[in-house]
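Input: structures, listed below.
In what comes next, chain A is part of two complexes: it sits with chain B in the first one and with chain C in the second one.
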Partner chain A sequence: MTKNISVDTTKEAKKTPDKAQPWKELGLKQEEYDRIKVILGRRPTSAELAMYSVMWSEHCSYKSSKIYLRQFGEKVTPEMRKNLMVGMGENAGVVDIGEGWAVTFKVESHNHPSYIEPFQGAATGVGGIVRDILTMGARPIAVMDQLRFGAVDHPDTARVVNGVVSGISFYGNCLGLPNIGGETVFDKVYQGNPLVNALSVGALRHEDLKLAKATNPGDLVILFGARTGADGIGGVSVLASETFDSEGPSRRPAVQVGDPFAEKVLIECSLELYAAQVVAGIQDLGGAGLSCATSELASNGNAGMKVQLKNVLLRDESLTPEEILMSESQERMMAIVPKKDLKAFTDIVNKHEVEFSVMGEVIKEPRLYIMWGDEEIVNVPPRTVAHDGPVYERPVAYPSWIDSLKANSASTLPRETSEEALKSQINQVVSSPNQASKSWITDQYDHYVGGNTALAMPDDSGMVRVSEETGLGVAIATDANGKYCQLDPYTGTQLALAESYRNVAASGASPMAVTNCLNFGSPENPEVMWQFKEATAGLADGCLELGIPVTGGNVSFYNQTGDVAIYPTPVVGVLGVIDDVARRIPSGWQDEGNNIYLLGITRDELDGSAWAETIHDHLGGKPPVVDLKQEKALAELMHGANLQGLIASAHDLSEGGLVQAIIESSLRFGVGARIWLNEILERDNVDLTAALFSESQARMLISVGREDDVKFVGLCEARGIPVLRIGVTDSTKELIIQDVAGWTIEELAREHEGTIPELFG
Partner chain B sequence: MRIGVVTFPGTLDDRDAQRAVRLAGATPVSLWHAEKDLHDVDAVILPGGFSFGDYLRCGAIAAQALVMETIIDAAYGGLPVLGICNGFQILVEANLLPGGLIRNEHQHFICRDQKLIVENVDTAWTNQFTLGQEITIPLKNGEGGYIAKEETLKKLEGEGLIAFRYSEVNPNGSFNNIAGLRNSKGNVVGLMPHPEHAVEPGFGPDTDKAMRSGVDGLNFFTSVLNWMVKA
Partner chain C sequence: MPKIIVEVMPKADLLDPAGKAVANSLQRQGHSAITNVRIGKRIELHYEEAPTPKQIEDAKEIAAYFLSNGVIEDVVSVSVEEL
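Up next, the complex of A and B:
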């Protein structure tokens, strides 16, 4: 197939200043188009227009969020910066974890593509985040995913769930990266806009750190990996930055198609290139493709670049220069290679049978020239494309509906007191889609590959060993609670931070750094912008109080169907470090005869709870109170007690409350227990419903061997952590909560594990 | 002793297999698919993964790789060869073991701690087990359903060529619960589950005693050392 390509050149642009251009269709606003003309002193060529339109899209430029994201860099102490090797703004943040090792981690959204084409959307979401990690010079060592789907009984949900889960399974498993955890939530607000967030973590030696920079004039600009095709063209500007209308999706060709095999080969090839020290700078090609890679590399290095677009290897020879610049074909990387290293570079990529082409050279003048044969089609200052995009301070408005929502507390909902009714409510909560076991999903992911997985689902956090010599490792947990954030985005976001932090502490690791993926509705809606403002302030303030820095993140706006936005869903990921993964703490009871302790105070906090949702279909009131000081004390206690080997198991309390934690602790290894709640009722002055289901924060369920009892309780008291013995594990294979309910382990397993396979299996 | 671990493009568990070899007390030697030279190894492991992206059929392209020409010849000559998961698929595609492996009958990739019964201990890779022993090692695959013609199954059953059977749960619809096979000499063994993921306390399957403490896979690698000492 041949297509007559008419090329718009810079020469042509000067000659025809008034030519009509499709800036609107490409997602630009009038004032943005006018600004491009001011920057260039002429109208842009169609290729330049394509570049600016993708790079100035919300997804790439963070134009609506930038002014709020700044506080993650401002609300920090020198102490918090101490271990930060690379902060926000690079492909992913890098944290020093000691012994010469560093880790890099980040979570990113692939929401809109995953609704249109769930399988490929989710698959390429994994691929994209893994390349971000690889780009830092790290070997990717694990992935996690944070998923939010529509209502389980909606006819479209199964399509999205099955597609997304198989997409992640297909891509992640083929890459050889263990999937060590994540979240799955169902709620009707995500029906027309599911959230598919993917996290990856990588490890590197300090000296192997790579940056996306083109600094030295004369170095070669090399594109390697898969060929460039028509997939994902305009994916960024058209997909990620516009709202789905209620008619539903029709933009299938804009979703990228992934080939995990090509990515696996690319990973091994890149790591070999790094080891051979032939790469001076590196950037992956993701959103905005070549437009992004060329302009960012040049801008980061305060240099320029002259490249020949006809040298790009194509899958489809009919692509226009604009399409080549915008293509989001997967599994591609751009390397900056000193001329003297070209031979070594070539040998390595040839060994891996990876295709490459030399596109051009780095130049001193900070200008990006792109040629199409003999014609100049791009001539721009790279900084204006990559970094000096528009910044908006969008209007903010306190939501009109929020006061009445807050006034509608769950505390007035009817409560049961009879044993029979309480048992039925417990069964309903732990078997509800959001509280039920997600093993049907996680069993489709390889969590063994690599041989370094120390903890994975269903444990509180995922943990992988980084150093085989010393056992040094990292733990990661992520959390978001859209319901809490709908009630109060500031508090809700801090609750997500608190839970991830607590999860990491429960596994025996020390929390160290934070990443995030902020999923919100349209920034053009002032009420959404208010939610965003509150959420980011909550996160920045919370991180400051906990003393752990935000190392990077991602913003996903326009998550809505028609005018209806999703609940604000800021996913917060916390990374912790543990000096020997052999000391990790299991999340469930393993031995009989251990004492079970509840740490922390239970308040009557049922607003936004799993109980309110499942039993009463209710959402209203105020989310649980955040106490970060107490969370910190709890984490320090865990660290100290674990160093002394006092803790047999630990499970954090969160959605579903105490009873959820008890049941999960029992089912983890099939160990029974006898539990009593009367002392909680007395000490905390709460009723049975609150004792079982309240979602009060800063609480954990701990089991301790009898011989360590005195020491453990002493440690809690010394640190001011409220501690109460509430039960003992036994060999009965039964779970008995005195005066409330009893189950055989088998019966419990049926309740907790049956729901999801029944719905989607 | 030197045990080669082959890396094809798309191989995933090669570093895990090398670790298992080390933990068993031997020296792992990395072998590259595009080289015929086996570097004087005493045995070869074809590890798991998605060699060549599973394109065409799982293992079909890898079975044609240059390194396989040498390995196939050496296997007929008695060189111990263990194929794990994708490695098992490669052995089947290379006609070193009979039958075929197809998509799991439930259509999903599955990762689980799998119980197996050791059906044959007269091989290079199973001689440290006891006959009928129940072991637990991880299983993780999308195309692990073992199929064969009626007459092949009869021969396998009749001649004691089944090395492992799934116990309690048949995770993928395999005929006769077959999890792994041996050849008649006993030097070649292939199986779908992953012994290399159950060799190190803390990183294996859960056991009744402790989380992730299962090391039932280690015997595969000590078996081959024992076999070579005897040979």
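Up next, the complex of A and C:
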């Protein structure tokens, strides 16, 4: 079986400086290849070329986005940094939530693999983000996902939806991690390029924090977990074809297959290693595999490493050194272990029946040496691979089409006034695929495994308990509105931030930190780059105004079909803290006789709305106005009112407007109500269509027990939050909006919950 | 009844978690001679009469585009079984 693999050594590279190399096929530019030669003072070996090409790719190096991401670290105040234990640049940000606890959270994209192979692509997306969280020293406690699919009536959509949803549920459920929320949107712009973003959150004690660095010379470099196989190395086949002498090019798979049970064992094994304090540094293996882990650990620790590649345990002995360096086999970790702790390390991994191999050791000299038997195949400064890659200031151009899109406002679209027509429009909106209940999807995930879930879909945010003693917990919400961002990426991204922030506040938690996953088209298109520039500025400015820091994130470029880019889709996640999850605020009405209040002002803002899309198939105009000051005031009000126990339920207003929030609040626990809109019409000077469907910001729908009315309204007035009583819950099992429409709860549930199962069930 | 038997295996290069789990379990039971296990699937297509060459060709096509997932699996054989 073993075959003689001919390797390209550093010695060979010096001898044959002019040998033609497939740098172009590996995605490098001429200048980049030349720069590698300058760094090394010779041509790279094929193994070095493989490492540089993958580490300098857009995905790993952030070369087009770096200059814009810097502002997340710059537009911050000392106050914002106060609770930040680890900021951007590590595997995930870490936030101090008090009582000695910290949490770490991050979103990452797995878009392209999930289009090729939806089930495994989505499953390994979950696996990858969970390992990122684990790498920080935390126990993963929950996951969420943000999905964008093509048009519901396109024949390929069901393949992607079913594969992705089963992949997420399979991997997460096997790991025993609750899936506490997320979002699903359908739009034809995502047809050939669905978005599959996965978020994970983990909890740790302050002293358990781990970092991905190799600092102490003499420490051992250990690879543990699954064996290395030919997963996800399709791209480096060009190198393999060079080095496989007789058999010609080998076609390696571009996808990876995940094994959640192996990951579960890896999690428990790693946590036990941390607890035993035998790990000085740790890194997971994800994109770019060993190339990334070795160079990042060494670079982060300002040290070097000498490793023997033949010590890697393989699933397939025919792998070439380049393929071993590139392999994206799942469920692997790399640990830096002091020599004196090897025995303890070995005992723990053996107990878990996890395989490991010592690959080499950390050295003082900041250089990465990789050996293949007696031959040296890599000899590079690790920083040049991991951190000092190319940085581009790509051209930006104001999109030629955007002014005409903005001029085409929805305000001129025809509006209905009769009761019958309005009811029909409401039914169409709340049963449209994007506004309909997504419970067919979320019911395939386990929300409650682990017993710490306080809130999950369809509530505004997901909430999990961190401390079982005190009830301390965190709430997370994510949002991205591609339509708003297409109209105005700066405002659209702030709207995503505002909505996630409001969602967290509505659940009773105090917003504290931000993560993001920025999904865009090709950075080589100046109009896309302009959208990216606007979006990142919007997010950084917004976070500064709200006083919550960006802790980390992920950029996914090249999301397009042919030349047509997706809508800019910057997913913004906000994490909040709540002292005791027992004080969480549910999103649905609970008891009869509670008063229903609308907080905030309604404007005639229908551009980019669900109403414009569903009723008129229209997208144009300007997205709703952002008012972060008001959002902040609203969040503070919620916190104060909740401490006094005044709020029975709260639901934020977003896509679909007031009527969507009313219907969701009613259906959550099947409680009816009588609603009147005439005071909104009078006070805000809007018509019925705007009152029902406008997507004005900084609004919430609150229900309050009758005995707390005076207190609650007083609190709102004291804080300058516009408040209007618009209804009262009752025991009729009917929802009546006076002068507009009425339904039985049963009829409403059919409208709202029937759509998605009918399409995909 | 005449049948066409389609055999599908996970691609040799990719991880086969089920095979790995069974292999580990067999090792634990002491079957040390078994070094690896891979698990695929067998699909039977039933016919009234012995399938024609055209039907066999059709079956090969069905196997490739419908019975297997070409991204992660290979059709390793399509054969006729007559009883």
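For the reader, a short list of remarks on this structure follows.
Here, the second predicted complex is superposed on the first by the 738 of 761 C-alpha atoms of A that agree within 3 Å, B and C clash if a C-alpha of one lies under 4 Å from a C-alpha of the other, contacts with A are read in each partner's own complex, and residues count from 1 in each chain.
Operating definition for what follows: a residue touches a chain if its C-beta (ideal position, glycine included) is under 8 Å from a C-beta of that chain, and two chains touch if they have at least 3 such contacts.
Keep in mind the model is a prediction, meaning the values are calculated, not measured.
When both complexes are superposed on chain A, chain B and chain C fit side by side without a clash. Of the two partner chains placed around the shared chain by superposition, chain B is the only one that A:Ser169 touches, whereas chain C remains out of contact. Rounded to the nearest 10, the angle made at the CA centre of chain A by the CA centres of chain B and chain C in the overlaid structures is 60 degrees. Look at A:Arg159: by the touch rule set out above, it reaches neither chain B nor chain C. In the overlay built on the shared chain, the residue A:Lys339 is in contact with neither chain B nor chain C. After overlaying the two complexes on the shared chain, residue contacts for A:Val257 are found with chain C alone; chain B is out of touch. One of chain B and chain C touches more residues of chain A, and that partner is B. When the two structures are aligned on the shared chain, A:Lys364 is found in touch with neither chain B nor chain C. When the two complexes are overlaid on their common chain A, residue A:Ile116 makes contact with chain C while staying clear of chain B. By the document's definition of touching, of the two partners only chain C reaches A:Ala230; chain B does not. In the superposition on chain A, A:Ser329 makes contact with chain C only, while chain B stays out of contact range.
Minimum C-alpha separation, chain B to chain C, in the superposed model: 5 Å. In the superposition on the C-alpha atoms of chain A, the part of chain A touched by chain B in one complex and by chain C in the other spans residues 259, 261-262, 353.
The touching residues of chain A, when paired with chain B in their complex, are 166, 169-170, 173-176, 259-262, 264-265, 351-353, 443-454, 465, 468, 581-582, 586, 590, 669.
Of all residues in chain B, those touching chain A in their complex are 9-10, 12-13, 15-16, 19, 34, 49-50, 52-55, 108-112, 138, 140, 142, 194, 196-197, 199-200, 202-203, 206, 210-212. In the complex of the two chains, the chain A residues touching chain C come out as 116-117, 120, 226, 229-231, 252-253, 255-259, 261-262, 315-316, 329-330, 353. Only residues 10-17, 20-21, 24, 69, 71-72 of chain C touch chain A when the two sit together in their complex.
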